[in-house]
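Below are two complexes that have chain A in common, paired first with chain B and then with chain C.
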Partner chain A sequence: MSDGVSMPRDGMAAARRRRAPISSLWLLAPAALLFLLAFLVPVGEVALWSLQGDAGLTAEHYREALGAGPYRTILFGTVQLAAGVAFACVLAGYPAAYCLASCPPRRRTMLLLLILTPLWVSVLVRTFGWIVVLGREGLVNSMLIGAGLIDAPLQMLYSRGAVYIAMVQVLLPVAILVMFSSMTTINRSLLLASRILGATPWRGFLHVFLPLSAGGAVNAWMLTFVLALGFFITPALVGGPKENMIANIIATQITVTLDWGLGSALGMVLLVAGFLMVGAVALLFRRVTRLSGHGGTR
Partner chain B sequence: MNKLLWSLSLGAALVGAAGGAALAQSRDQSIVIANYGGAWAETLNRICIQPFTKETGITVTQAATEDSLAQIRAQQTTKNILWDIAPTERSGLPVSQKNGWLEPIDWSVVDPENKLPPIARKSHAIGSVAYSTTIGVRMDKLPEGKTFTGWEDFWDVKQFPGPRTLRNSPAENLEFALIADGVKPSEVYDVLRSPEGVDRAFKKLDEIKPAITVWWTSGQQPVQLLASGEVFYATAFNGRIQQLQKDKLPVALIWNGGSLDVSYYSIVKGANNAAAAMQFMKYCWNEPRRLAEIARAMPYSSFNPDLYKILSAEEARQLPTSPENMDVQFALNAEFWAENLPRIQKRWETWRLQ
Partner chain C sequence: MVPTMMDVNKPSSGTLTREANLKTRSTGATIEFQSVRKAYGSVKALHDFSLTIHPGEFLTILGSSGSGKTTALNALAGFSTADSGDIRIDGRSVIDEPPERRNLGMVFQNYSLFPHMSVFDNVAFPLRMRRVPRRDIRERVERVLEIVRLGPLSDRMPRDLSGGQQQRVAFARAIVFEPPVLLMDEPLGALDLKLREALQFEIKEIQHQLGCTVVYVTHDQREALAMSSRIVVLRDGRIEQVGTPSEMYDAPQSRFVADFIGQTNLLAADVAQPGSVAIPELGITYRENVFTARSGSWYASIRPEKLQRRPAEGSDIAVTVTVQEAVFLGDVIEYSARTGHGALIHFREQRRDRDRVPERGETATLVLRPSDVVLVPDLARTSR
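Let's turn to the complex of A and B:
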């Protein structure tokens, strides 16, 4: 539908309709200004650094970042880990969000509070909590040894598994909140309708609720994925001897070796990789995300 | 004519007023010292800053930083100089000096009696105190009847089994590996500078790699790992291990083969108040009485030899720069690492992934 076709005869109405989008665009100004100053300008500068060599412009830093070598391996590892953690968050968070969205308001407030509380504790503290629990002489090992189930302590900390557990714990509340808010917009009478039409509760969930809430799940995945990409402290504290995230490498380049060119190039590559992944997922699940609007009247 | 006179006198009055303002400014001076915060900042505040301000009227502000070198670079590139004194340890000094980001130190002001040895008396930095990266050993985890003496034992996983941790950095670890391989501490940099020196160090590191549970990144980590029994042997800053000993943990500190790391402070180029900054350097980091107070508060010590005339033999034994401890350690070579770190760092990342 083009504007020309849908233009109504009434001039006043047309003017109102035309003006409406412009005036609402102004509402974006504060956010846009902040975004421009605090994001686009610095990122632009970093992009410039990544292209600066000793003698003018160069692609040398990108060659080093993306060519065969440690940085490419670590970059792939980081993307893989972030994708896995985000997936685990969605998987573990979905039932919780469902439960939240369908329980009575009073209990919902209580549960929401419980889910939000960990967000107020710093990531560092939460990570140290895992060191206490999973350590060689930690809670789990002491219990297992005390119960006579094992003789020597298990190596749970300082492994990829520990990074997964700690990161999922940190990011889970975010995933739950995103899915919860999308589930609250789903019109529950659609489920009722499916029951009236003879569907079992399970079938109703599978064919009505799941497709309508899938958009929220995809959004939750994207958000947690992007957050996980930049993780820094957790992998350094509970990760194994081979564990390394690209964020740590960037920090080393900026503060230790002072190779800002390479550090900036790695940062830009991470940014683009994040965009590409999120863009691909958004495109792939376009149908699903569009569907979620349909049930959007409560 | 009258008009000219009038404007001249107005101009003179303006200049006079500006001069007066400048004078008032100099009486009301202030300097900014960047450092890494924590207990060290508190110690400085109590022992140096408060009495200094009382005596001279110069106010001293501390600015916390975690990445001094990157900050110095940022301030110099944007010409927005926020600090007078900045820490320039490790590669910080040679890199900043080479790039012209520092003011030279006037040693006739900071060390008029020529007390400091060359290691603490650099053209663009004063060695305030030194700390050591040493080995911490959980005594209760040692095999019966064995004594742990240094790097050869750290590498000997048969005689001394158990998990270990080292810092996530090639600097120092390459040196330690060479000492474990039989190189004398005083000769590590001769070997490292030889063509096959770095290869030899990495080859030796291959041997210990399976026993490393985790590569630590922050100074508190190895201490926490030792305390929780996560590792039995660790490299850590001497002061952190001594804190564990004060907390009655069965931990021994091995000075043998330790790496002496000097905490340098420099005056950044374009500092607002370089003169007052040098005055402070002498007051805080080159007066034996105050240096002794610092050493008693934290086990980090200066190179001023008069310090050991004040301290007891028992106190001296705990300090990295006491003659007996200096003899068995090597001084971390900042120039070597400034030149070679970018190259070796990449090899280190690759090696860790293998």
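Let's turn to the complex of A and C:
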């Protein structure tokens, strides 16, 4: 009550406020340490390997990785596939995320659980599942034959389409979750406002909900794209040797042909390509991504 | 000091244009609620709600939370469908029409400005949805932003505005298409007192100029008294009373309304025979000639300002009290006092210069006229 009591308390609060930025930085330490030891150091080492020739430093591995030839083709193919898979995930996941974000809390919890369950199963198991479904004697073929629609089993496994479907299936929950969480920050009364101001449900969605949720969609694309770039098991199992992605090639260099220099160079190229793509998309959509988090809570 | 939107009397260069701008009066619509019912599960939010709102009227639906006021507004806006009954705007039933076809302006409690659109785009939104030509949109948005004094801020994003400015944008967006009806859902709830009072005045001014019918929802009885041409008090989904602010204040028809609107002393009263009223807690019995209440238990509502220490003409009733507390409020002093029969009552006096303020424990004699006592039935008691 008296000044004598309140003054020191204010002083202490001010001191706490001054110290806060430094003390809260310590909270980053565990993550930063892990990042340093488990990411920066190994990547640095890989970068060194990629430049090491038989006689000192060389750009020869990069010439091989980026020059005209099978590696460049596979690299482009991988980026293309990852971009396509990520796009398909966003396209297929958006309505699902919308549905989740719009439904009442109890049903929402149940649906979320359903969407999350596939994530509990390992990617390996899920990929094997696709072999069962798409194989020569698989579910789809036997159903089609049973229905008399085809005479001989279709070749579905070991194709680009199979890789596509399997990767989208594996990554879809991630895309849904990212978009769902951004949609929950959108204030629903904005949609009511659009309606009373003269917008049909569709135009309200187009002018209000879509722009506000676009940031989440872009984020979902970036995340699934980066994850898809490094996909390894799925293409190997359902794609077969001719549908190799760059991650499979790198693995072969490291474990089979033992050409660590080329493997490292390919790895570095993949890393940089990923950064470039994500950076370009982030730059291109910076207006919409800045909006996410400002989802009209005020 | 908050600048007012409508200082049209002040000689400034903008005055003439602003006044001319408002010449495009839209006339208000008639709104009829006809036996509207709405239940959420087993909870009846609105029982048989019937009300006619006249063109150009400023009607306030007043009630505490859960009284059904928001339900009534949502039914009118088209955000929820009534279980039964009809709603007509200018005689046309809108009950089956979606919100976008009802042509209503609305200001939301949290403003609901589109966060990804500038002030200009927010205000232009209703015009774009109505496919108004681009040229006209610019003109009309600029005109209405001028009215709410936000012209210079038209490129700002909503998050860069203060609460009061956001409120003005929401208001501009609701009136830009000159709707015959303007709905307002506690539009001032989030603002501080000073700003709220300034905006009350401005909203009232603009409504006068536009001539639209306003349906205003609030839980704040002071706001309702200050702004409305008529007030509807809702309680548990039923209309408790409808009337002008002064009718609601001077002639409440139930204990609830007497208590809800303004301050009052509520005391049990017994009507022994027509014309004779006893208020035991004040220790008084008096004759009321024009009074027509049936015998039985009633409540006496006595406004604090009706109890005075200074005798005046007709103040036939005298009550002796012991002063408990005196609260200085600038122009008035509010007292709490205990009667000889143990009841705590409040009275309020205009402060005059050489008045001596009675101290705690001092005895005072208060006088009032029989007509200052309003007898109200305890509806809750009789209906159960």
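Just so we're on the same page, the second predicted complex is superposed on the first by the 266 of 298 C-alpha atoms of A that agree within 3 Å, B and C clash if a C-alpha of one lies under 4 Å from a C-alpha of the other, contacts with A are read in each partner's own complex, and residues count from 1 in each chain.
Going forward, a contact is a pair of C-beta atoms (placed from the backbone, for glycine too) under 8 Å apart; a residue touches a chain by one contact, two chains touch by 3 or more.
What you are looking at is a predicted structure, and each value in this text was computed from that prediction instead of being measured.
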Simultaneous placement of chain C and chain B on chain A, clash or fit: fit
Contacts of A:I131 with chain B and chain C, given as first, second, both or neither: first
Which superposed partner A:A217 touches (first chain B, second chain C, both, neither): neither
Touched partner set for A:H207, first chain B, second chain C, both or neither: second
Contacts of A:I254 with chain B and chain C, given as first, second, both or neither: first
Chain B versus chain C as contact partner of A:L75, first or second or both or neither: neither
Chain B or chain C, by number of chain A residues touched: B
Partner chain(s) touched by A:M179 [first = chain B, second = chain C, both, neither]: neither
First (chain B), second (chain C), both or neither touched by A:V269: neither
Nearest-approach distance, in Å, of chain C Cα atoms to those of chain B in the combined model: 48
Of all residues in chain B, those that touch chain A in their complex: 66-67, 69-70, 73, 91, 95, 163, 169, 209, 212-215, 217, 221, 224, 228-230, 341-342, 345-346, 349-350, 352-353
Complex contacts: residues of chain A adjacent to chain B: 69-71, 73-74, 131, 135-138, 155, 157-158, 236-237, 239-242, 244, 248-249, 252, 254-260
Residue ranges of chain A in contact with chain C within the complex: 187, 189-190, 192-201, 203, 207-208, 211-212, 291, 294-296, 298
In the complex, chain C residues that touch chain A: 77-79, 98-100, 102-106, 108, 110-116, 125-126, 129-130, 158-159, 166, 173-174, 177, 183
